[in-house]
């Protein structure tokens, strides 16, 4: 039995060469591209990334430049608009379009940082819980339950109140409230995979605990994690914007979309554009990511694949 | 059934203790001298500092502080607000009906439209109606509701002047709260136009708060219905010669209801999150706005108490949902 | 006049790969009090043609026939609501998976009484009495108690008995049984078949038995139709079919019985029909 172990592993690695990966990706893409919405979402998201990267080239003005003669100028197509400011200016004369373009950097960065943090900590906790079981499992999962018992935005708000308002603290708080979802998912997946033949054979072959957890089991739990990561990405952007809106996230004059909305609130009945565009930017971004998430779920979830 | 409920109750106890530890710990991890932070005062005399130290119980060992805290909570003492000097529980109870009223209306709105759209989308799977509904639902799910609220205010209050901008009722009406629910109290008061005013104040907040639950419920209803419509017993119901209304509305929907109820229950947390934002936009005097105000005023005892109370409510609602789930699912009820 | 008369029935499904013809030009008729068996492998379209009669096919299906008459009335010319007055009352159907065929959220009694309410217009007390009577008829002990059971509290055999009770509740003229015993234990299979045959004789129903099991055919049927890939291969009375099958396919089907297994391997229809040498692939049922 012990002699057969390494042979099995070797055999397994041999039948999984580069083109098998490629084929897997081709199959994935086939299912993903059936969902037209998902492809559109991916396109929009790619566009947003390009906008964020090339913000200095695309933005007509600096996001912080205040044009004293142009307070609350309406968008260019409206009466009183100015071609210089396509989407108008805000209450202190900053160009809306430029601020929105720079704002994409914040939203995407928030999404990436929060999801990465939540993913890593959640996966580690979930792996430990699912792999060790016993009191480790009970302790970790109870804590996760407790975090989930609070409405996420409220808990994030309170955490920011403790840590002090600001973008970094907001991201930490959001990552903290999102990470139980990853822990739960990972734990469930690990428990399902743990008793499978390939894990047992790897164990028999003498693989260490860390290797079993990270190399043998984890890759097989990846599909639901990817879907959850996508959903969390959009959630992170929404919650960060909400915190910004409540004055607990990014602080002015940062051109973060939620913060921009907070600054614009008092002008809602006078200048619709200062309110409309930042929210629209949030909606489009989150919508695009959720479209991708739906497509990923359809493509990666074998249970739904057939229907 | 009873054993099932008791089992669920037993599971709640460790969560409850955990929640109290978290709420208790929250005040301890505030940076800086806890007395200064909590009292919100500067330049205290050493005597006053010691007095406050003693008043807050910080001179006792930490475990004893926690036990005192836990005992206080179990006897209904959730602390005292530092800004209003009133018990947190009383402040909470004054504002809670406003949030409940809003949440109930939002939930009714979300369930009625969500379930209806979900069912019709499922029946006409792949049709333009299905695609449009599900596209809209995903957009609703992606909605930054604080912006959505502002947008509705611009259109319906600012431009069309159909609805008021904020508050629960026009200021010209005044009556003593009986139930705390403005719609009911306005009816009881018998004042002309009061009920109408209360309802018109509710419309926009209801839509804003109900948007995300509506989207989630519509999506969940559709997928649950699609799954159920393919089941053998639906074919049996059709083989009985029953009208489509009965096959879909009773035989299929009764089964689809099981996951939908779970989803509805899970939306209560979303609703409370949404209430924070919605109440802040519409100056709705509920617990969401109360919490935001407490946080910005650094009234940490209120924050601590409110956090715990809200968590307890979410927990109780989850328990009710679990029980409801057993009631509508005969397979659990029988065991 | 035939009880059911079908001329040139064609059923096609819209699929992503274009239309798929499940049934192609089937003629079929059954007389009152007759037991007709439709035999074929899975995918031969034998269930599809009967689901077409019941009007139970999904929207993706297109049903065409020169004539599909039940008791002299052309079903295809009826409005949906007129058709629902016949389906479940004069024609009824039972299915392969009895437990899945009953609604898990309603009691057995509710599901039996439902047809009585809609087709017979009985009041509560009448429905209750008739439901108990039906439960006795299909051989369920303690009918009064069992009426308040949920399907998951009963065995597969009991569930199939309940399905039969629902099917015969309104004294149908024709009962269609789609593989009624396939999902059941062997000992229960025999009981259910006996029950069906005795009820058929007692009430003088026409019975269409859809099956892939030649044993079931031999035991129950008067007449047999053999179907393959949506076409009728052969039609004969049961004795002549077993004694002198005319089509190659029927011969192949008959020799594919498990009794004719060689070594570990079960014979398959395709062995007999198309392939000169036995292939390595496993047997198909």
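Letters A, B and C mark the chains as written, and numbering starts fresh at 1 in each.
The working rule: contacts are C-beta pairs under 8 Å (C-beta built on N, C-alpha and C of every residue); 3 or more make two chains touch, one makes a residue touch a chain.
Since the model is a prediction, treat every value here as computed from it, not as a measurement.
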**OP:** Examine which chains touch each other and state the graph shape they make (line, ring, star, complete, other).
**Re:** line
**OP:** Report the chain whose mean Cα position is at the greatest distance from that of chain B.
**Re:** C
Original post:
Using mean CA coordinates as chain centres, what's the chain A-chain B distance in Å?
Top reply: 24
Original post:
Approximately how many whole Å separate the CA-defined centres of chain A and chain C?
Top reply: 52
**OP:** Spell out the part of chain C that touches chain B in their complex, as residue ranges.
**Re:** 54-56, 81, 83-89, 92-93, 95, 97, 100-106, 114-115, 118-119, 150, 152-153, 163, 166
Original post:
Can you list the residues on chain A that touch chain B in the complex?
Top reply: 37, 142-143, 145-146, 149-155, 157-158, 161-162, 164, 234, 238, 241-242, 245-248, 258, 261, 265, 268-269, 272, 275-276, 278-280, 282-283, 286-287, 289-291, 294, 307
Subject >> Partner chain A, residues of chain B touching it in the complex >> reply: 14-15, 18-19, 22, 26, 29-31, 135, 138-139, 141-144, 146-148, 150-151, 153-154, 157-158, 226-227, 269-270, 272-273, 276-277, 280, 291-292, 295-296, 298, 300, 303, 307, 310-311, 314-315, 318
Original post:
Okay, in this complex, where on chain B does chain C touch?
Top reply: 231-233, 235-243, 251, 254-255, 328-331, 334
